[in-house]
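One chain, subunit A, appears in both complexes that follow, with subunit B as partner in the first and subunit C in the second.
Our next item is the complex of A and B:
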């Protein structure tokens, strides 16, 4: 079996370090998948309530909506970090202590956020859009809004500490971020090395972009906290909106770019074909840095004071941000699988599915990022339609596929069990249906974030609830697999 | 517009699904000469990239000229426009006047009086026809010409707290 990993010098760790590192990765995966499962339950509850099948008070609905949003984003960050860290530490020396530090800070942050929502009744959505957290008209207290933001701030701090370790490790091995990214090869300052690890390129991009994104998030969270306790300090709502969407967009996008290393690392192992680095690949990842950070104004297209040049730039960059997956990663995956004799198991099925979910989910996203289209799609259920598509069918299959790989699936040449196979199909059909019902609802102008739906929209919500139940069923099987097979599994490497 | 975008999305997603299914169907037989596979499909990839680039440039140009958002520097308080001043509050709308004429452009001056809201105009089929954000400290100017008379609904499209979904009012178009 060949991969980018076999052709590059690997970092040597002690057996104890490797054992501990594997436990850390499994903890990230299991925690992430458990949180995802709970958030899917929350999603099901919301769709059932909108479909009039479940009676939930509106304050509880919006608390569930808040925990669903923040929980999914947090779980995406944590689990994708587990995937990236597992592979990146093979190329650059990373600290087990730091990854555990981030993990436990994350858990403390989660406790604070859960407390703010379910004890403090905070229901200001995960976007904490200023000045809503301090203006609930009595629904929640200043303290609970502050606790939510402190929880987020803490989680962000944990990630920043982790990225400092990424930076230390990458600079220690490659000398500069540009070399690690392959920019020196791209611009001819160094000869092209086709064995330059894709994981290092992706890890460096994640470090640069998410460090900046989280720093922006910290700034807006601190400004929001100051405002909560000193209301005479009134930051500009437009500035706050820019910072919030920059942070939010970057963080959730980076989760995808972190988890995609599972594709680069695992498809070569299961097809016997190498994923070689070339200039197109390096150029795409170099562009991604700017694209991921530059597209966020597409969340503000209905804020008309945003200048036309900024909105049009966001539209162009949004289209551009679809190209790396449509032309490089997705396309590369298709080539590597085509007539490869690949053995289809849970790992490969899920990894391959993830590329489909990402590539197909990009289409409704790009369309909605057009100014003229956004006028009749913004803040309808079209928006959750496209991001559920590429989170449920793109990001999560990368993480779950990697989880199956870690259980030793490839090593033992085990056939997929009937239960796992059933889980896959329940999950696939459920996720496809969930996303398509959201998109259909958006095309019917159904607004997002409404606790109570108008009569005309109830049937669509009921279809959504059935779809969400199927997703839950599939996810339940994946979570059981992670709980029962993952803890005792030896490292497949 | 909405149905066209929906149809394009479905067609694009179906195309991608078809390509993935094609590759799955062709995944079992083994082509040992992988370099020749790469060479063949890299050629296609170049054309695919050029196609997407041309598509992107064309669509961007066509969809942004003229720019679909009204000039925010301009004042619309003239004989050619009917001006409606909209205030968004937790959790109600103020709209003066709340009756306009069809066929003549309406300039909605929209602001948020407390937190962020979304000013969404729905026709009697509950189809979204126009929207803008209602943000504290800013006044967004939304220009829309109603083609047909009727009772239009104004719905909140930005989450603004516990009665967000109940923030509904009516606009009469004669």
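Our next item is the complex of A and C:
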């Protein structure tokens, strides 16, 4: 129970516990990466259909769009949790049983969601925005919309169980979440400890924000279910939208803050320099708790009933939210790498790429968060451009870089193979192209969520399909690496 | 002295239970949906919970054999809670005395099941249930506020809406105190 714990104060586990934990982390990574690959295939299919290269029935397009959205969010949550859990359990005692429980609950939720989409024909997008699930005009049944929401509810419950274990572990060691976050050090109630683990700070932030997000989800999903079976109950659509976006935006946003521990933990190993925490770092993480929770209204700026003050607040928060942790992490990473003699292998290249993706991906988001821009851009492909940039080049490289680290890359000090190098460049160029084509399409007012594109937009969609094929190629190499090298790899620590 | 005070406390619980069951008090609390759901029912649960403190150790041991990790007790409590959340059961309790009798029996039993099972529950399970109870407060509050129809034929729509507002207020205070306790270690309510 000491906040002056140094990074060497690590939790001891038995050999069997560590072996089991490593299998759990690998299962999270492999499952997450496989789902990402399938979702990229779905994305490629949609871009090819919009580019008239592939003939997909319209109803199937919206089902694919729904599975693509929910699949990516789920895979991001699962894989980033694997990264965070791997490092956090080194500082606080976490249960293997709980992490497996969440994993299997997740799989059951996925089965329900897949059933609702491909058997029940649910195609109302992963945002299940009220009142769409209950107004399908015969495209899907009430049962399939309900099954989708029950699947989400189940997955949320699994994560809730996991976060409660995080809470138990963190409170057991630090007494309060405030101490674990470093708030007591920030406000001078305790002396500053430069070795206070960044992973614990990030893990506590993830726990607080996602716990609240899931609580909102637990309410809004059940209210949606009540509406499906009792349509006389008509909740306020704006309130429903707020809660849905609070839950959904927080969940996907936090995936980045969970995976970023890979930067804090891996760069020091490859540069031989420790990641020291300071008051600016602690202040940034403390601020981001509130900013991440307050940023979602940039998805509501187009709704005319939103009062002007709320829209302006959303714009200010959106401007602010991308910056604090990004700045301390980006600056910290640059300082730790500069003249360190770092060996550039797949892990370090991907981790560094992730910082670029995160930093650059924030720019289109900030532009979109401006009320005047948002009114023109928000329902265009600009928005997928922003989050594809952020997720493909920011989040995924953190996860894939960590996967390479687990395969034992750092230990062997081996050169990256030509195949891995090719995978890296195919992935990087493909992701950059995918995002830029989306952004260019958005800037040219091409709408999003349209199965059929007008003739003038087809060329852009075809560029998008080529870019997506390149992403798929790179990802295929990463997934093969995870399937063939990861299962037999020993723990690199 | 201790035995006398324990004896007194046991009797106190019984006295409170009897007072709640007396026709004037019962009618007073049941004339409004708010007092029925936010005073009478919770009071019966609390009486049941506190009564478990006076159970002989041998009883507790016997029950524990059937209530490993508190699972059976919690399942029993949740079934009773769900039953009494149905509007028509509350209506029936007002108009038919046998149902009222069932309410005065099962709700304290639910409290007893909670009292015996909660301490046995794993802390993770406690957390999940706490969040689910909190979410139920918010969902019910929202439903009562927004529903165009009366759920209980014995109560007015206005009464239903006031209850909805109070449930939302209670849920908000609960979330706030919970947050203060976990994030900042400030204990407003000792549990």
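One rule holds in what follows: the second predicted complex is superposed on the first by the 483 of 493 C-alpha atoms of A that agree within 3 Å, B and C clash if a C-alpha of one lies under 4 Å from a C-alpha of the other, contacts with A are read in each partner's own complex, and residues count from 1 in each chain.
By definition in this document, a contact is a pair of C-beta atoms (placed from the backbone, for glycine too) under 8 Å apart; a residue touches a chain by one contact, two chains touch by 3 or more.
This is a predicted model, so every value here is computed, not measured.
A.B. asks: Using the overlay on subunit A, decide if subunit B and subunit C clash or can fit next to each other.
C.D. replies: Superposition result for subunit B and subunit C: fit.
A.B. asks: Is A:372 contacted by the first partner subunit B, the second partner subunit C, both or neither?
C.D. replies: So A:372 only meets subunit B here.
A.B. asks: Can A:38 be said to touch subunit B (first), subunit C (second), both, or neither?
C.D. replies: Touch status of A:38: no partner.
A.B. asks: Contact-wise, after the overlay, does A:150 reach subunit B, subunit C, both or neither (first, second, both, neither)?
C.D. replies: A:150 sits against neither subunit B nor subunit C.
A.B. asks: From the CA centre of subunit A, what is the angle out to the CA centres of subunit B and subunit C, nearest 10°?
C.D. replies: Here the answer is 100 degrees.
A.B. asks: Thinking of the overlay built on chain A, is A:466 touched by subunit B (first), by subunit C (second), by both, or by neither?
C.D. replies: The answer is neither, since A:466 touches no partner chain.
A.B. asks: Should A:125 be classified as contacting the first partner (subunit B), the second (subunit C), both, or neither?
C.D. replies: first
A.B. asks: Go through the superposed model and pick first if A:236 touches only subunit B, second if only subunit C, both, or neither.
C.D. replies: So A:236 meets both subunit B and subunit C here.
A.B. asks: For A:339, decide between first (touching subunit B), second (touching subunit C), both and neither.
C.D. replies: Touch partner of A:339: subunit B, not subunit C.
A.B. asks: By residue count, which of the two partners contacts subunit A more extensively, subunit B or subunit C?
C.D. replies: B
A.B. asks: Between subunit B and subunit C, what minimal C-alpha to C-alpha distance in angstrom results from the superposition?
C.D. replies: So the smallest C-alpha to C-alpha spacing between these two chains is 13 Å.
A.B. asks: Same subunit A residues contacting subunit B and subunit C, which ones?
C.D. replies: Looking at subunit A, the two contact sets intersect at 236.
A.B. asks: Subunit C touches which residues of subunit A in the complex?
C.D. replies: Per the stated touch rule, the residues are 98, 157, 160-161, 164-165, 167-168, 171, 175-179, 183, 208, 214-215, 218-219, 222-223, 226, 232-236.
A.B. asks: In the complex formed with subunit A, which residues of subunit B make contact?
C.D. replies: Contacts found on subunit B: 1-3, 5-6, 8-9, 12-13, 16-17, 19-20, 23-24, 26-31, 34, 37-38, 41, 45, 48-49, 52-53, 56, 59-60, 63-64, 67-70, 72, 90, 112, 114-116, 118, 120, 122, 126-133, 135-138, 140-142, 155-166.
A.B. asks: For a test of understanding, state which residues of subunit C touch subunit A in their complex under the given definition.
C.D. replies: 123-124, 127-128, 131-132, 134-135, 138-139, 142-143, 146-149, 175, 182-185
A.B. asks: In the complex of these two chains, what residues of subunit A are touching subunit B?
C.D. replies: Interface residues on the subunit A side: 58-59, 62, 123-125, 127, 129, 131-132, 135-137, 139, 236-238, 241, 273, 300, 302-305, 308, 311-312, 315-316, 319-320, 323, 326-327, 331, 334-335, 337-342, 344, 352, 355-356, 359-360, 363-364, 367, 370-373, 375-380, 439-440, 443-445, 447, 449-454, 456-457.
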